[in-house]
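Every chain is named by a letter (A, B, C and D) in the order it is written, and numbering of its residues begins at 1.
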Amino acid sequence: MLHFCNDYSEGAHPRVMRALADSNMESTAGYGCDPYCEAAREALKARFACPEADVHFLVGGTQTNLVAAAAFLRPWEAVIAAESGHVAVHETGAIEATGHKVFVVPGTDGKLSAEAVRRAVMEHRTGTEEHMVLPKLVYISDSTEFGTIYTRAELLALRAACDELGLWLYLDGARIGAALTAEGNDVAPEDFARLCDAFYFGGTKNALLFGEALVIVNETLKPFVRNVIKQRGGMLAKGRLLGVQFGAILQDDLWLETARHANAMAQRLAAGLAALGVPFFLASPTNQIFPVFPDAVVTALRDDVAFEFWAKPDERHTAIRFVCSWATDEAQVEALLACVKAHLSQV
Amino acid sequence: MLHFCNDYSEGAHPRVMRALADSNMESTAGYGCDPYCEAAREALKARFACPEADVHFLVGGTQTNLVAAAAFLRPWEAVIAAESGHVAVHETGAIEATGHKVFVVPGTDGKLSAEAVRRAVMEHRTGTEEHMVLPKLVYISDSTEFGTIYTRAELLALRAACDELGLWLYLDGARIGAALTAEGNDVAPEDFARLCDAFYFGGTKNALLFGEALVIVNETLKPFVRNVIKQRGGMLAKGRLLGVQFGAILQDDLWLETARHANAMAQRLAAGLAALGVPFFLASPTNQIFPVFPDAVVTALRDDVAFEFWAKPDERHTAIRFVCSWATDEAQVEALLACVKAHLSQV
Amino acid sequence: MLHFCNDYSEGAHPRVMRALADSNMESTAGYGCDPYCEAAREALKARFACPEADVHFLVGGTQTNLVAAAAFLRPWEAVIAAESGHVAVHETGAIEATGHKVFVVPGTDGKLSAEAVRRAVMEHRTGTEEHMVLPKLVYISDSTEFGTIYTRAELLALRAACDELGLWLYLDGARIGAALTAEGNDVAPEDFARLCDAFYFGGTKNALLFGEALVIVNETLKPFVRNVIKQRGGMLAKGRLLGVQFGAILQDDLWLETARHANAMAQRLAAGLAALGVPFFLASPTNQIFPVFPDAVVTALRDDVAFEFWAKPDERHTAIRFVCSWATDEAQVEALLACVKAHLSQV
Amino acid sequence: MLHFCNDYSEGAHPRVMRALADSNMESTAGYGCDPYCEAAREALKARFACPEADVHFLVGGTQTNLVAAAAFLRPWEAVIAAESGHVAVHETGAIEATGHKVFVVPGTDGKLSAEAVRRAVMEHRTGTEEHMVLPKLVYISDSTEFGTIYTRAELLALRAACDELGLWLYLDGARIGAALTAEGNDVAPEDFARLCDAFYFGGTKNALLFGEALVIVNETLKPFVRNVIKQRGGMLAKGRLLGVQFGAILQDDLWLETARHANAMAQRLAAGLAALGVPFFLASPTNQIFPVFPDAVVTALRDDVAFEFWAKPDERHTAIRFVCSWATDEAQVEALLACVKAHLSQV
């Protein structure tokens, strides 16, 4: 079986595993109050050029997103997200379970525009505001659920809209490494820290066993976040496991290397598919690609490859998603291309 | 520095670490739908003699408790807990954050009696029930926050009260191994499955990196629990990490061996302290003990030993908590005894 | 000032006021457990031909809707509503504040179709259901926020979709009287009780001081609703005020008379406006109408008339809403027509 | 049947009813944005000497309390209340349903002491605060659930504790009129506004059909409260009904007259019972009294009198509650005394 289903199918990068093994028998304080976490927080702040930020390590992405909503918002405030946003679709209503509405607006290939944000806010400024939620937290992800990335200009425009409208800009960086190492990217790590009020640096999908680092830049949003993390069940007892892993992946920019590799494998796969004449549902420069096949080919592929259904662009074709990870190697890519080629030839 | 602060100061048992390393590069499905989780679920059900149970692996205890409350209770239903219960005191209001009241009643050394449960329910049956919460989920822990354990007779009495009053019995088994291997314990693993509607089998405090296994025995409580886990941020992407670890610790009853060791170290320490004339705040047969020292000794100890403050039995004395873990060794116990002895001699 | 802003600008129908005055000095039990409430419940069940239903009297519509969501849904379940639905837009996220998502789908003139419901459910049946909310409560209103009404065939189709897909059908009847007395209506009161799992019979917008009667037909949804009402702050201490009012408005079908009057006034106004060449944003047969004027006329009207902004169909025109109530009289309608005529002549 | 069950068994004072009747056919804006509400807000602020306060009119007490909790507290913050506090016992977990814990401490005859507040806070300042809720809102009621009242010195001490510990002081004034007109009271209306961060002025239990006026003195607590009121279903469409009623009851201090009357009737009843040798469960100077009778007398009384069970001071006696209202007259008191006398003579 070939695995192109997601980027969390394997364990952790060997250097991460080694760091865990090396520190295994040490005794340290719990709940993230240990030297490993302290060091990893410093490394992260240095890398993203935000020395004043607060950094909290959490286990998973949904957990991080719901902690952000619970900690940052007052009861009448809402999240604005693209209709494809992870918080809008794939978190079982986790934000709503904290009491907050997710107001969805149309996105473009998974991206939210400053204009869409402005329209969403204006729809709620009608003179009867108290009967409506107050849009407050702008949720974006980079790379997006469609593998696309934001340009620096787009992020600047979102920041400007947030400043103008009194909103918080929050970036879900589950695949922040993929975004930063994508061909065509013009955003630097420090841009995220400068333009967002808070963002998270994703580890689960980039070579850690698990872990997301919530970076809070805006002073207003900093107090009592650890209380919220504990209340929402997100405080890891052996918290140093997160510090050890983030320390290892930040060292020598290993995280960029792993992300770059995943992108490269996916783009190699995309090029190979294109050479076979396969069209794409949309263009993605990162580690998720979305080829379109005749339905019969999709059915046939299921026997040999793990992947996800994505969409039905028409009655007889299906868009699927192939994802490469830090662990995907060239041999697997070639094997998948061979497999696709064989199936295409039988249609 | 000597570490007797808690039982989650170190990583995982070497056999657990090895299992993680061995499986690290495999590709499997996410979210707990992998062969490792499947095997661990089967092993756990076999060990607790509940072949029909549902088993869900979660990362932490607060997370598990709040998932149980959210999944099992309707909005008007409440939890009954001893006033020292973890859900009542040390989870930052996690249960209330799911909308449910925790109704606290006096406990005895951390234990909740059938009689206290009955009284709590009767206080809510006054003819104006709709103005009050409906007590529904009885929360107990074994071993308790005070290191004490339930007898089989006590659990049977609680079960009878729950049957009589229409309540669910839920056991927090963060230290279930410590309870089952304590001197004087007369409860068997299968008793928990037979007497509780649901319970969790704790891994974090017994030699795993992290992990709690929620075991749901009562059919009524089974549906849609995975939805709640996801909604509350408790679904681990690389879910197999839990399956691998639980598989390793269940193999050859390693979990009983590690728990027995932790208890033995704590009891050896207790015996040593008693020999030095140190009194105890209460008697505990498990891996947490609660010696009482003159305040000056407690202050002096802080330089050499990590431990937790517990209580002030009088103006000049302090009860503290020493905890041993699977990783505590005899040398550490002897070192602590020597340290205490030295400080006591200076008072 | 002419008042066409809404149908809750005045107090109650004189017969309702008289009933309140007549019973004022009696002593009765509180919280709706009095003979007036009992009689009103029986009258309502008789009128809607649902003798087995549970009836709960609440003060307001948002309160009733949020009680329904809190009482009927489990945490992972969601509401489906048209994007114009009151619960989706104008209740400050009241449903989300109970923890539940409102999944919005496009409506047609405020109406939700069986087809849209079916599509919404199918979008959530992708094989990864546990990562998504479970659509469960179909929210419709009749008449809708646009003054439109459902046909019997449309309601039958919704019921069939709900049966097929395992959904609850819930009808917000804030303006149920307007719907039942509209020209072209082919739905009978008993249809609502037969086709919905629960609905509410609105009093606030139809000649009561306040009051909505939640009618629960489906047995599954009945238990513990009074507990939820109390918990959500919806249980009126002097509950008989609701029984007295509903009793008065149900007597001799006064509610149909008041609703019919409001519709008649609005349709007379609409005919008058049409005669003046005024176009409409959409056609409504009930007591809310939506004329479109040049912006300058709208501005000018504000000096003399209270009304609500509705939409901007184009750059230079504005759709506004005029609402008539049981208390609107012909003289007011004529005065408004004269006022409009004067302003139109000046454009 | 004699009614001594509560102080919300009748409708409204005739002057209140007249004000409602007189304004019935006027057209005004909804949601409390009308001249009646404006005038009543001014009258209330003048009466309590808090010209800068925000005043919000709500329908009921539980609603008001839960709005306060939802609006004033962040997710990790908790309410401190006496164990007999209305929010702790008789609101079906309404506070918890907004996500906040109610931390209960022992009270004295329903009153919370500054010392108890201080202890409660100190229990949560252990160095592991993030694992515990943060006590923030001190809930007191005056008169209390036991009919007792606070002295000015006690309120000053509570205020001082709140200032010292960074807490909000919130007073549930469902029976504020009874407190202010009680024999022995040394608190003035303006003291409440000066000493509390917020309080509510109760109408339901003092001669209105319904209505509580939430008075917010502290600037920090003012923003967005109307949004919360709407979100929690507490915004009355025909909001002027509250303004009209509060206006009427505030005029010429009618509210003090009605409260004084209720107290006087209850105290007359208490004196009469004492003269019959009836002991009391506790002494109350307000409109609720708590006589203790042999069980047989209590059973016999049920045939003739509506009252509430209160407590079982011993095996053979029962404490019950008699409540007088603005509508209780001397004849009813005498009738009750005669009835009691007759039953006592038969024991």
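We take it that contacts are C-beta pairs under 8 Å (C-beta built on N, C-alpha and C of every residue); 3 or more make two chains touch, one makes a residue touch a chain.
What you see is a predicted model; the values in this text were computed from it and never measured.
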Centroid-based (C-alpha) most distant chain relative to subunit D: A
C-D or B-C - the one linked by more C-beta pairs in contact: C-D
Where subunit B and subunit D are represented by their mean Cα positions, the distance between them in whole Å: 42
Length of the line joining the C-alpha centres of subunit B and subunit C, rounded to whole Å: 50
Between subunit C and subunit D, centroid-to-centroid distance (C-alpha), Å: 33
In subunit B, residues with contacts to at least two other chains: 70, 75-76, 91-93, 97, 99, 130-131, 227-228, 230-231, 235
Residue ranges of subunit B in contact with subunit A within the complex: 1, 3, 5-6, 8-12, 14, 17, 20-21, 23-30, 59-67, 70, 91-94, 97, 204-205, 209-210, 227-228, 230-238, 241, 306, 327
Parts of subunit D lying in touch with subunit A, wherever the complex brings them together: 31, 70-71, 74-76, 98-99, 129-131, 134, 224, 226-231, 235
Touching residues on subunit B, where the partner in the complex is subunit D: 75-76, 78, 89-93, 96-97, 99-102, 104, 126-128, 130-133, 309
